[in-house]
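To keep things simple, chains are lettered A, B, C and D as they appear, and every chain counts its residues starting from 1.
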Amino acid sequence: MRRLYDETVRIAEHRKVNEKYYKIAFLSKPLARTIQPGQFLNIRINPDLDPFLRRPFSYYRVKGNRVEILYEILGRATAMLATKKKGDALQVMGPLGKPFTAKIKDKKRVLVAGGVGVPPLVFLAERYRMDYLLIGTKSKKEVLPKSELAHVKAKILYSTNDGSYGMKGFVTHLLEQIIQKEGKSNLFIQTCGPKVMMQAVIAMARQYGIEGEASLDEYMACTIGACLGCMVKTPEGWVPSCVEGPVFAFDRLAE
Amino acid sequence: MRRLYDETVRIAEHRKVNEKYYKIAFLSKPLARTIQPGQFLNIRINPDLDPFLRRPFSYYRVKGNRVEILYEILGRATAMLATKKKGDALQVMGPLGKPFTAKIKDKKRVLVAGGVGVPPLVFLAERYRMDYLLIGTKSKKEVLPKSELAHVKAKILYSTNDGSYGMKGFVTHLLEQIIQKEGKSNLFIQTCGPKVMMQAVIAMARQYGIEGEASLDEYMACTIGACLGCMVKTPEGWVPSCVEGPVFAFDRLAE
Amino acid sequence: MKSKVNLETKIKNLTFRNPVTVASGTFGTKGEYAPYVNLERLGAIITKTITLKGRAGNPMPRIIETTGGMLNAIGLQNKGLQDFVEHKIPFYRKLNTPLIVNIAAESIDEFGELTRTLTRHKPVVKAIELNLSCPNVEAGGVSFMRKRERILDVIRTVRDETDLPLIAKLSPELGDVLEIAADVLKEGADALSLINTLKGMAVNIATRQPHLSNVTGGLSGPAIKPVALRYVYEARKHFKVPIVASGGIMTAQDALEFIIAGADMIAVGTANFVNPRATTQILEGIEEYCRSNGIRHINELKGSLHNGKEGPVFGG
Amino acid sequence: MKSKVNLETKIKNLTFRNPVTVASGTFGTKGEYAPYVNLERLGAIITKTITLKGRAGNPMPRIIETTGGMLNAIGLQNKGLQDFVEHKIPFYRKLNTPLIVNIAAESIDEFGELTRTLTRHKPVVKAIELNLSCPNVEAGGVSFMRKRERILDVIRTVRDETDLPLIAKLSPELGDVLEIAADVLKEGADALSLINTLKGMAVNIATRQPHLSNVTGGLSGPAIKPVALRYVYEARKHFKVPIVASGGIMTAQDALEFIIAGADMIAVGTANFVNPRATTQILEGIEEYCRSNGIRHINELKGSLHNGKEGPVFGG
């Protein structure tokens, strides 16, 4: 049987990291044990019935018993989460899902991140030696502060839509440059971010025949494979992305 | 047109007064202007949709711009209210309803209070010279601390169901004693509390032919006479207790 | 300067300055919300149901909160037609906001008389909404078939008595909403009002009694919004007539969902109790949305729901 | 020591150790909730709907939150009867908890075949729940009359094929619930399951698309609790058969409301997603309530709703 928990935790730290992201930290032994980047938590934000469903968030960082998540306000529930204060309680299910592949032989590893996909990839790049971490944002003010990226073991490259930081344009342009520079046969891509971004990354990977993994963020309810709400089409048919994913090898994703 | 407001206020003070009551204070000019004891507020406890309806609470004390309410936890909404902290926002409609009659000639005034009826009657007894304030509780631990009653201009008598404080029994026994002592033709009763208590008080008043007023606490939604949810039967027919009350002369209440 | 959005909405030959109105029975009888809302900013006002003779309604408790909504069993308390004509019409005559009078009756004759009298007050009464579906006064055990027959009789009678726009207010408690809608439109109704409350109940586990004296009541509020939205959407697919939508509209977002699904008028109901300024805030929110989406006339938005996928998705 | 409360519940000749079960489609296919709940404490387990052949279900998005509930349009995704028999039955054989298999089909013949096969697995399969009302696969525009005829055909066919207890799961989307209940009981159903989801929808105002790929979906959760409770109460007044209740049961308080209104079994559905320990917490809460109210057998509580006023009240 999988080891799953549903813990009441107290917020130990909660702060706005920049224009885009908020960070919440809490302490929990069961939720911090043997966590791999790419896994996630399912959080009941209020003890009452609004929001009604929980919301999934990736592990952003785990140190000892301390768990951090990094989130952005996208709708009602995340807006409510942002009003929580130190000491407030959250009800948290985890650890959920399958992580990113940690060890790939020989190949150079490129992480491609955007939006809500940044947290798990920063976690991955802190845990393991990566070669590149490409981060795409709209503008400079959404770029994570240096302090949050101090332990990343990878070369970080930025793209912004408005050119206010790093390269102007989409993060796939950065990826294209890396592919040109490093050679397609030498790369392994791991990506998480907005659907359109991941679709572009996967399309490029397919074009060049590069292997990789994407962490999908389907809308979820149960997060343990019971509701069949978050299915992803694979060669074996529909599978729940909360259990079989959220990380999927590119070649398991329908074109 | 009535002067009614719906204000966002910040909790300035929130504390547990004793085993039974919590006190919340906030500052608001419009909600503190020309308030009479017996009037009430309708409070949206959470900015989200749970609890769904607002909840009515009597004015407990008004000093300058400072408004206090005193409440007990009776169900879900009041339990949620109890989790609010200093600085949290509440959405508050008021001032609502018709107050207790302030000035009655000659007669001696007896206030009979229990449960959620204590706050408005303490307010009344701080504002105007009363003769007696009778408070019925289950036991000693629910009796308001002296500090909360320091400014009451009345002789306070207690009854407790278990006899742990004041007279053992119901508050109507105290009332009976006062009637015997002062004579029925000399009294005016104002009461607020649990329905059964008020029914007993009114029955006794009728028996002795004593005039008085009761503040009813019907379940309410709109609190401005729009939903017809809180009606009380009077000689003129059903009237909304949120607008025509909550204070009603005994002789306007159906037997 | 803010660009102007045209929010004009029509039912038959009647033009409303904007689509925001109030749901019957949730806005008082004359001006209870005036301290919070400028009544002359509303597109229209729909009255609480008026019956021929006054009704005392049900005993207390008449209301109880539920998750995301409330149950009510007011029982159509009102002072009757004569009181309405004498005391309410003069109030609305002075108000520059179109008045829609909601009526119900126990017999066809009463429906006829109500309609005749209200039609005589045409300069003030701009349209009639027929409450065909109040769950709190319906005699129990009436089959869908019988209800349908009764409804058709009502429409025929009322249509004969007036040329005022007739809005038929329906609820799933009556039977198949689309079937009934088709019927009432055939018999001459000009518009649909969707939906009235759903019949529900709540139990007090401490006393083991129903929370409402009437046992059951009508469920309203955002809890029923998905159901209301679906009926508006389905009715829009089938019929071209104007639709007055009600069911859990709390915010401009909610209102916009209904408009996109096909509603012409937005009736704000239970929301008034929770937020007394809901109506005008919703109006402002609709305007704001139109402005920021380059919509110059609300008609561009109405029924604009489309189901084209925007590119492939992994689960799509 | 805590006094023991007898929670035994029966459907026909079948005895369950307690009334707490799970609503079809909300508890996975085999043991997903085992990390959170001791499955052998449940009174019974009801499976997700099984169809004869596997079904792929609808594209994503299949779910969306609404106020106090959610919409789902899973579309009865399942691997079909054969997979169930081969891979799920062995799992449940080892589990000391009665299994109720929920089935649906597009034709009478398929219903027959499903029932025949499941009846052969009787030692494991203890009862059959007929999903007569899934709003996500029903062909649109089917009239209430046609639905009713189809349902009766299904019951007759299935009754002929099995002596397992038959539970008919209904929803107001089928027509008049009480009328249909009377029909299905006359044709041999042993129990009622009330209610399946209500059909609803939600609109994304940013894209002006429906939130669900299927446009509409089934509304579940506490939003529909008042409606579910009312149907359980009404069915209890009319029929003596066991009733399996579902519709927004989140807490023991909710469960107790349903039991007092007349439910025999409590099917916990959407609540599992919000609180994975909902089932056993509800069980404990029911026991606790019985103990503190001096109830020694759950039957004392069932249908104990009474409407006697406790003395006069000012509005009463």
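We take it that a residue touches a chain if its C-beta (ideal position, glycine included) is under 8 Å from a C-beta of that chain, and two chains touch if they have at least 3 such contacts.
Bear in mind that the values here come from a model prediction, so they are computed numbers and not experimental data.
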Those chains which touch subunit C and also touch subunit B: A, D
Per Cα centroids, the chain farthest from subunit D: B
Gap in Å, rounded to a whole number, between the CA centres of subunit D and subunit B: 45
Intercentroid distance (Cα basis), subunit D paired with subunit C, Å: 33
Inter-centroid spacing, subunit B versus subunit A (mean Cα positions, whole Å): 53
Shared-contact residues (touching 2 or more other chains) in subunit C: 60-62, 66-69, 221-222, 313-315
Multi-chain contact residues (two or more partners), subunit B: 49-51, 218, 230-232, 238
Overall pattern in which the protein chains touch one another (line/ring/star/complete/other): complete
Complex contacts: residues of subunit D adjacent to subunit B: 67-68, 311-315
Complex contact set, residues of subunit D against subunit A: 25-28, 31-36, 48, 56-57, 60-70, 72, 74, 77, 221-222, 250, 270, 272-277
Interface residues, subunit D side, partner subunit C - complex: 59-62, 66-69, 71, 143-144, 172, 175-176, 179, 198-203, 205, 207-210, 213, 215-216, 219, 221-227, 229-230, 233, 248, 253, 256-257, 260-261, 289, 304-310, 313-316
Subunit B - residues contacting subunit A, complex: 46, 48-51, 80, 85
Subunit C-touching residues of subunit A, taken from the complex the two chains share: 49-50, 195-196, 199, 216, 218, 230-233, 238, 241, 253-255
